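Common to both upcoming complexes is chain A, partnered first by chain B, then by chain C.
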Partner chain A sequence: MADAPKSAAPATKAPPAWRQRRYLFWLIPLLLLPLPFYLGQYKQYVVNLILVYVPVGVGFNIVVGNLGLLAFSNVAFFGIGAYTSGVLALKLGWPWWATILPAGLMGGLVGCIAGVPALRGVRLFYLAIMTLAFGELLRWVYIRWVPVTGGSFGMSVPKASINVFGWPLPTEGDKFYAFLFLAVLMVVLTDRLLRSRFGRAFMAIKGNEQAAAAMGIPTDRYILLAFAWGGFVVGVGGSMYAALVGHVTPIAFDLAELILEFAVVMVGGLGSLVGSVLGAAIITAAPEFFREWPGFQEMLFGVLIVLVILFLPRGVASLLARVHPIFIDRYYRD
Partner chain B sequence: MLAVLPQLIVSGIATGMLYALIALSVTVGYRATTVVNFGHGDLVMAGAYATFVFVGSGLPFAPALILALASLFLFGVLTQRVFMQPIINGPHLSLAMMALAIGYAVRGGARLEWGSEVVILGRPYDQGAFMVGSVVLTMDDLVISGFVVALLLTLAIVFHITPIGRLIQAVFQSQRGAALVGLNVHAFHGMMWGAGAALGAAGGVLLGLLVPLSPDLGVYTLIRGFAAMTLGGFGSPFGAVVGGIVLGMMEKLLGFYVSTVFIDITAYLVTILVLLIRPSGLFGQRATVRI
Partner chain C sequence: MAALLELTDVTVRFGGLVAVDGVSLTVSAGEICAVIGPNGAGKTTLFNAVSGNVAINGGRILFQGEEIHGLTPHQISTKGVRRTFQNGGLFPHLTALENVLVGLHARVDSDILGLLLGTSAAKRAESAATARARELLDLMDIGHVADHLASDLSGGQQRILEIVRALATEPPLLLLDEPAVGLAPHMRSQLVAIIRRLASERGIGILLIEHAIELVMSVADRVIVLNYGKKVADAPPAQVRADKAVLEAYLGHA
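The block that comes next holds the complex of A and B.
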């Protein structure tokens, strides 16, 4: 390699150039912008569904990946977001865009409630079982609180309410732009959070909670914050789901949905923002292809998660990280 | 109102026996490997379907049941050795997800094969009922309770009288120590995981006597099993049994005297309240970390 003098630049220079080139990530949403001109309604619907699962995966990954807590309550945040949007639009006649923030806030509130046991020192499998029970309890409320939620049949979100500042979104292509904006916003905000002292605190807590507490990090506050922000982001995802599907039913937030969301996070990459987005893109589209054979989809997810855990513990994002250092997560350590 | 109390307690115990069996089967795997099998519900379901397949192939019920339990035992041993053991020292999330994913794949297989039809296991005995005083005892209650009690007695003998019990205690207390004194900890993990699967399968067969089989049969039973484990104290076999029976009775009593909604949600409430108020349950060890 003697005839390659260009690569002989000193390697110790900091920060490396790729860190400053992170703005290249903005190319992804920019390149997606003309998509509605090429896709039919159905394909556009699948793309929109992927965009819904971007915040869902991102929010889930904060608690499960970055904080490393075994919390199974993500479906509860997703459901409360969807129901908040649905109830506000149907019962109170709010336009959809005005329900996004309340949906996120409700998600954050439920996140705080789900995070309380973690503060009480409940960890590991205990936390998993408890959050599982919490999610199922909430789903039971959707089924039983018929006057508000419409019971097991759910409720329809009025088509006319799906608008942004009065600007209606009649086609999937129109929804796409609103969804793209929200998904990018959630990813960017979460990126900011993880790059701040909050993200570093999460990393410290995941590494060793006692040590983090001994260093003077108020672990309780950070754990609650992670649950709250995760709940907020997933709640916004729930609001998008309500607008996309137009029908909110309890069955959409059952244990099968939980495994779908786990698959998004695990296959994409634990604790990786890039991974959450990738996972959403890979996993969410799958159910649409296997609608006729529902059992096949479950088998596929099961086998996929098993393979990822055995052979690719950091998910697909770790493959990208090998290709280019721009994909390496600086706020995650094994 | 009070006249139905004995009846409620009796049918509560019969239901609770089923929860106790499921809770105990999870506890067996947990005590051996310190991993909770989140896919256990699907093994419960698989046990019922396996019995259905063997009965369908012309075998009488009892040999079919034994064959089904044996195949689930093998399945448990194999999945533990092939999938769980390589990551046993990894993060808890991977272990939980591995167990969940295996169960999910099993459920998918069952749905692919039988998802669109109603499968009924059928009782190998005549459905009848007896009056004892003012209490109605159904044949189902008797068969389930009798089977579970017999199974519990066998297990109690195995755990307390044979050396296996001491083996379990040794591995649960310190895997490294057990390995140092020459125990084959890995093989032991596999065997106990298999034993848990077989016990769960037995629970599935008993459940299959009462309700039609479906691929989702085990999932909600498992949540009740978890609630029973939590109530009795995690990791305590005795606690799992007591927790199951108490949970069964609580469902019936609260459901009758307070509101029918409690039949659905008692398990969830019990799980949440016990972990918040007394995480060690009735007979368990400390379940929380204090920072």
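The block that comes next holds the complex of A and C.
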């Protein structure tokens, strides 16, 4: 190997076959389609809640996992999405489906605002505490801005408004299809973004900000973009939450909620899109399994989280990655 | 021939400390120019000034006749001044291929809307970039580790990968900050061969910082010696080697 490398380019290798089999992922939503025919209202509600937490986890993971910034403003994006849908439906009489995009856009806007300190070079614990404070500040706005938000008691989303192009969604099973569509859409769009130069820019900033800039990446712009996209996706999740629960209150967006959302990311796998989806399913469904041991429910839930973080620091997604390389996140397209 | 890079009286101060003191130098296309000097001589600060990581307090820096001081690092990089880092600037959690793709960032013309909508133009731009990145890795004989994480590569492979990544956009000027540190002897000679080839075949101007004196003497067309931020010599290696003052003060008794 001591001599100079040959300058003739060998034929470039074909990408591994498993990478071309990513369309197999479409089987997951397809197999879920008949679910409402088998599940009762309550179990369907839990499944729907999982679908709400898919975009919530996906958006959070973009900022903390892919961009790698310790920003805890996720609950602010979630809340603003839910309140945007609630206010538009209750005060302006919009149908729910029309409020989804505004909820996402408001989430993205709030994401940009939450990302501003990061542009000033605020990092680590300082960024963590600032973004935490930002989330609490918004919660204070929900509580105090009574004419719009309904204050501490929150607001009810009119049942009639929960429809898609006038098609009502009276049962959990009906909501399921709308939610499945939105959750899949958010995952697919995020996957496209991450497996492009945009996602690679996020990952580069996470790895070495100075080197990222030296590669010609305008780091400020990409930090803001990650916050905006994360906020958008989580805002859509907030809109879904408003439709699912039918009631938006400030208490739903407190620190306990933030910890739950952070658990989704950590248990699923930091920086892994597959992990965000898995984390949403595990964190939302696990308490239901522990229902058989009343009184121990919260404790068992806590133990589960501790065990996963202890033995799988890269989350449950890292287990799957060992099973088959198709589950490994890669940031390019062949 | 007009100089590719031209520094005139560049001064960088950190508080009361003058890290770079009125340094002038030029690098031409295809020329390999080495900067040596004892620790704290201001070599890396000089590099950081050129790449925009440190603001200069005096003088000017011209690249292809255009002032670049005052621009941000990513703007300077986009203009065609690319660098490597002393302690390894690779993205350890990305694969070798992804590292090169980040290097290609400015050359991938996929827009965000096209990507989200999944237009074929955006997809084509992305997969063309991937093919190009694989090709670049193959050119330097590290194509077989394309899908390995950068942190899993050997020291020599990491160093070569960083050069491949920096050169992905075919910049006219390359800054190498101690490329040979920690490399085994046979890897060093491979590195020397690569550096020579970049300069002679592709006409890339190379400015490098290096402590390994034998490497500097064998590869450089010109050696610049810094001490306490000041330039004390600027001559071909043989001449610098013969300079008694330089030898004793900065190279030790070689």
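Throughout what follows, the second predicted complex is superposed on the first by the 292 of 334 C-alpha atoms of A that agree within 3 Å, B and C clash if a C-alpha of one lies under 4 Å from a C-alpha of the other, contacts with A are read in each partner's own complex, and residues count from 1 in each chain.
Just so it is clear, contacts are C-beta pairs under 8 Å (C-beta built on N, C-alpha and C of every residue); 3 or more make two chains touch, one makes a residue touch a chain.
Treat the numbers as computed from the prediction; the structure is a model and nothing was measured.
Visitor: Go through the superposed model and pick first if A:R192 touches only chain B, second if only chain C, both, or neither.
Guide: The answer is second: A:R192 touches chain C but not chain B.
Visitor: With both complexes overlaid on chain A, does A:P117 touch chain B (first), chain C (second), both or neither?
Guide: Only chain B; A:P117 stays clear of chain C.
Visitor: Which partner chains sit in contact with A:P218 here, chain B, chain C, both or neither? Use first/second/both/neither.
Guide: Only chain C; A:P218 stays clear of chain B.
Visitor: So, does A:M203 touch the first partner chain B, the second partner chain C, both, or neither?
Guide: second
Visitor: Could you tell me if A:G166 is touching chain B, chain C, both of them or neither one (first, second, both, neither)?
Guide: Neither partner.
Visitor: May I ask you to decide whether A:P147 touches chain B, chain C, both, or neither, giving the answer as first, second, both or neither?
Guide: neither
Visitor: Given the touch rule stated above, what does A:P34 touch, chain B (first), chain C (second), both, or neither?
Guide: neither
Visitor: Once the structures are superposed on A, label A:I305 by its partner contacts, choosing first (chain B), second (chain C), both or neither.
Guide: A:I305: touches chain B, not chain C.
Visitor: Looking at A:Y332 after the superposition, I want to know if it touches chain B, chain C, both of them or none. Which is it: first, second, both, neither?
Guide: second
Visitor: Residues of chain A that sit at the chain B interface in one complex and at the chain C interface in the other, please.
Guide: Chain A residues touching both partners: 210, 213, 219.
Visitor: Quick one: in the complex, what on chain B touches chain A?
Guide: Where chain B meets chain A, its residues are 36, 38, 83, 86-87, 90-94, 96-98, 100-113, 115, 215, 219, 223, 226-227, 230, 234, 261, 264-265, 267-269, 271-272, 275-276, 279, 287-291.
Visitor: Touching chain A in the complex: which residues of chain C?
Guide: Touching chain A: residues 51, 53, 72-74, 77-78, 82-83, 85, 89-95, 97-98, 101-106, 108, 110, 112, 115-116, 118, 122-123, 126-127, 129-131, 133-135, 138-141, 143, 146-147, 165-166, 169, 186, 189-190, 193-194, 196-197, 201 of chain C.
Visitor: Show me the residue ranges of chain A that touch chain B in the complex, using the header's touch definition.
Guide: 64, 68, 70, 116-117, 120-126, 128-130, 132-134, 136-137, 140, 144, 209-210, 213, 219-220, 255, 259, 262, 266, 270, 293-306, 309-310, 313
Visitor: Where on chain A does chain C make contact in their complex?
Guide: Touching chain C: residues 1-7, 9-10, 12-13, 16, 189, 192-193, 195-198, 200-201, 203-204, 206-208, 210-219, 225, 271, 330-334 of chain A.
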